[in-house]
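Following: one structure in structure tokens, then a few remarks.
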Amino acid sequence: MTQIDDIKLSNAQIAWRAAQDIDDGAYVNLGIGFPEMVARYQREGCQAIYHTENGILDFGAPPAPGEEDWDLINAGKKAVTLNPGASFFHHADSFAMVRGGHLDVAILGAYEVAETGDLANWSTGRGGVPAVGGAMDLVHGAKRVAVITDHLTKKGDPKLVSKCSLPLTGVGCVTRVYTSLAVVDIEDGHFVLREKLPAISFDDLQALTGATLHTTDTVGDLIVPEL
Amino acid sequence: MTQIDDIKLSNAQIAWRAAQDIDDGAYVNLGIGFPEMVARYQREGCQAIYHTENGILDFGAPPAPGEEDWDLINAGKKAVTLNPGASFFHHADSFAMVRGGHLDVAILGAYEVAETGDLANWSTGRGGVPAVGGAMDLVHGAKRVAVITDHLTKKGDPKLVSKCSLPLTGVGCVTRVYTSLAVVDIEDGHFVLREKLPAISFDDLQALTGATLHTTDTVGDLIVPEL
Amino acid sequence: MDKTLHSLADAVSVIPDGATIMIGGFGGSGAPIELIHALIDCRPRNLTVINNNAGNGHIGIAAMIEQDMVAKMVCSFPRSKDPRAFTERYLAGKIELEIVPQGTLAERIRAGGAGIPAFYTPTSFGTELAEGKPVEKFEGRSYVQERWLKADFALVKAERGDTHGNLTYNKAGRNFGPLMCMAAKNTIVQVSELTQPGAIDPETVITPGIFVNGVIEVQNPAQEEVLNLAEAVYP
Amino acid sequence: MDKTLHSLADAVSVIPDGATIMIGGFGGSGAPIELIHALIDCRPRNLTVINNNAGNGHIGIAAMIEQDMVAKMVCSFPRSKDPRAFTERYLAGKIELEIVPQGTLAERIRAGGAGIPAFYTPTSFGTELAEGKPVEKFEGRSYVQERWLKADFALVKAERGDTHGNLTYNKAGRNFGPLMCMAAKNTIVQVSELTQPGAIDPETVITPGIFVNGVIEVQNPAQEEVLNLAEAVYP
């Protein structure tokens, strides 16, 4: 696996790749943590509009340290700023945007993604304090639900699986997974490989994936700049 | 019946009587037409706050002729003005106020009221174009649903009945009826006479009422000023 | 991103025969007269129109009905001062009517916009308008199950708008507008003043731009009530 | 009519043991710290608290929990930067938790305020959070039935208020405030500035006064995040 660690994309690079698929004017929700990084790599000339569950549309970059307004935060409770054209609304209106299918894309992290599109990303099932936040709403709301994740767990197990073993966040909801090794679509209950790192063979990638990787046409090269 | 026509209250007087039961600061919805008249007779020192279905709280008197703003109308599509402390909101919020039990009282007209509290006030059941508006929402929303009405139909039939014959607006919803002859409460499926015109005997009133009039304690005199 | 539409004709030309259209307004208050009249110029037919009322006089929705564009009205109160366009066709069996209590109409539209396929309301329980609908008891009281209402298009009148589709409304002209913006696949809004993003205070935005697909500036828009007092006819 | 309350102590002294209380705020944003701390001074016990989170540090809701006032939390995300007040008691079995997806929490509260006893949502379908709840298919897709959520009291922080209870909020501090105001029998609001009726533009009122029972002015209110950065402890 050390070989994989040498070639695999960094989180920043995964976020960069996910950002390339976001269109100008798209309404986007980025999950707390790693997915928030996607906003840094918006394509030139593409202005996405970011939604946060706690009632802001079109928030912008973090303020300078010391300039925080703690009534102007995102769902991760980090201070943000506003872009021109921003708006505030209450939580029911915010989730009307989510549940009502008004977001173009939600990008979330994952513990596991199944070939059926099932997602597990809220509970390790190991006890402790459960906490779900807005994840279960987002997976059934956005027009496109994408996941960004390392291809493997820290222990080296596949995160792309035939069936999730952890408590589900949603059923049949994920349509694309950006991993540290590949871009995989979910279609009709199958993983369909779209892009892979040139440095890894299909067979090696399949061996690191917990369900069959299907292909159609040519598999593209996953090429990402140094970041 | 000519005798009844001589003693019975005018619509203005019925409205006046209903207005006496409205407390200071009460949130009130008045049905379109005759019930709107109640607002004219608000008690001295009592400032009710009027709600209209189309999204205004605390609207005021009609503007002077020629001063109408046709985006500032009530549910009857009549031009109104605003009192200090007014607010605008959309229709779903407006009916959240209604259905959510936030109005203190709704005062409506009636074709028939049954001793069970059933109300028929939206359809004569005779064909034509049906139109319900907000009546069915109001009867299940306000904390207190009162009716103002002539005691008899134009043909001289009782409007207070044991069972409505016309299509219902709501089931078991009315708690007080102000008529041209009496004030009648509805309690546990019975009409309970609270006040009657001194000029009519209990027996005559009963004869003009389509279900048994119960009494508890003394029946008060229904005394209303000339208007 | 710029959602500006450059002509009324272009704005409504996308609406095909058979479309379901939500049209904002409560009576004449908030009625998008210019958008409706532009639609009449295109004359799509067999439309389902969702509005609180069913037109008044010979302009706006009444004029759509007179041009035989409307197959079905979904509304709470199809009676107005001069409802004859609707009344005549309804009594002749030439137009369908779905009558919905006003609060249920508003909530069904909101539900359509909010991804809520069904909800329970006490409204209409025990009446003929509840016939055929599931009834359930919660905490000892009976409620009627109502379904969401969605549309292919919404035509809405707002006051100020920006090029991202953020909107404010004028007084009680707000009524169904914010709900219909949420519930249609393609929401087209006429605004009295079109501004750049940032011109509207984020605290005062009533409809966030995410619910709006196109905005067109119509300065000094007509007020239905005023047109009717002048006995206007369209076209 | 004047809904002004004249002291924080009076405002919250009506809250008895065993009450269900909605408390506004998302993390520290919109948290009514002064009302919460006044409630801690009264120390009612066995409370059910509805809030998106479950307290942070040693102030606000976390301090209520540390004072053993809370029997049950209803929230979507009981993990914060420093959630130990809740975490320790939860793991020790000393406090109950009802975990609700955030959008469902918001919608259940709105439903409570809007007289909708139940609604269907796709959220949580097929997950352990849907266990025991009715499921129904609409248009080929499965949805979970959720119930309204109401409370005896709501404690909310707003920005401007008038003596009729009309409110505006500050930025994303709005979050659950407008919903909770609707869903409680007795809604008590702290405002940074209390004005006379008419001072707030009717177009910009976010919570109409009908949803508010009492307002108290708390100028320059504390911000939970700032208190926590200073490692504040209450009492």
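Just so it is clear, A, B, C and D label the chains in written order, and each chain counts residues from 1 on its own.
Rule of thumb we're sticking to: a contact is a pair of C-beta atoms (placed from the backbone, for glycine too) under 8 Å apart; a residue touches a chain by one contact, two chains touch by 3 or more.
Computed from a prediction, not measured in an experiment: that's the story for all the values here.
Chains touching chain A and chain D alike, please list them.
Both chain A and chain D are touched by C, going by the contact rule given at the top.
Using the touch rule from the top, work out which pair, B-C or A-C, shares more C-beta pairs.
Counting C-beta pairs in contact, B-C comes out ahead.
Going by C-alpha centroids, which chain is farthest from chain A? Tell me that one.
Max centre-to-centre separation from chain A belongs to B.
Could you give the separation in Å between the centres of chain B and chain C, each centre being the mean of its C-alpha atoms?
That pair's centroid distance is 30 Å.
Could you put a whole-Å number on the gap between the CA centroids of chain B and chain D?
Once rounded, the distance between the two centres reads 36 Å.
With chain centres defined as C-alpha means, what is the inter-centre distance between chain A and chain B in Å?
Between these chains, centre-to-centre, one finds 57 Å.
Any chance you could list the residues of chain A touching two or more other chains?
56, 88-89, 92, 95, 98-99, 140-141
Would you pick out the residues of chain D that each touch at least 2 other chains?
In chain D, residues 107, 110, 114-116, 121-122, 169, 171, 202-203 touch at least two other chains, as defined above.
If each chain is a node and each touching pair an edge, is that a line, ring, star, complete or other?
Contact pattern: none of line, ring, star or complete.
Can you identify all of the chain pairs that touch?
Listed by label, chains in contact pair as A-C, A-D, B-C, B-D, C-D.
Considering only the defined contacts, which chain C positions touch chain D in the complex?
These residues of chain C touch chain D: 107, 111, 114-122, 136, 138-139, 141, 143, 147, 168-169, 171, 202-204.
Show me the residue ranges of chain B that touch chain D in the complex, using the header's touch definition.
Residues in contact with chain D: 24-25, 27, 47, 49, 51, 57-58, 82-89, 92-93, 95-103, 140-141.
Contact residues on chain B for chain C in the complex?
On the chain B side, the touching residues are 52-56, 68-73, 77, 88-92, 94-95, 98-99, 118, 128-137, 140-141, 167-171.
In their shared complex, at which residues does chain D touch chain A?
So the residues of chain D in touch with chain A come to 26-30, 52, 76-81, 83, 86-87, 90-91, 97, 99-107, 109-110, 121-129, 169-179, 206, 223-226.
Using the touch rule from the top, collect the residues of chain C that touch chain A in their complex.
My answer: residues 1, 110, 112-116, 162-164, 166, 182, 196-198, 202-203, 205, 208-211.
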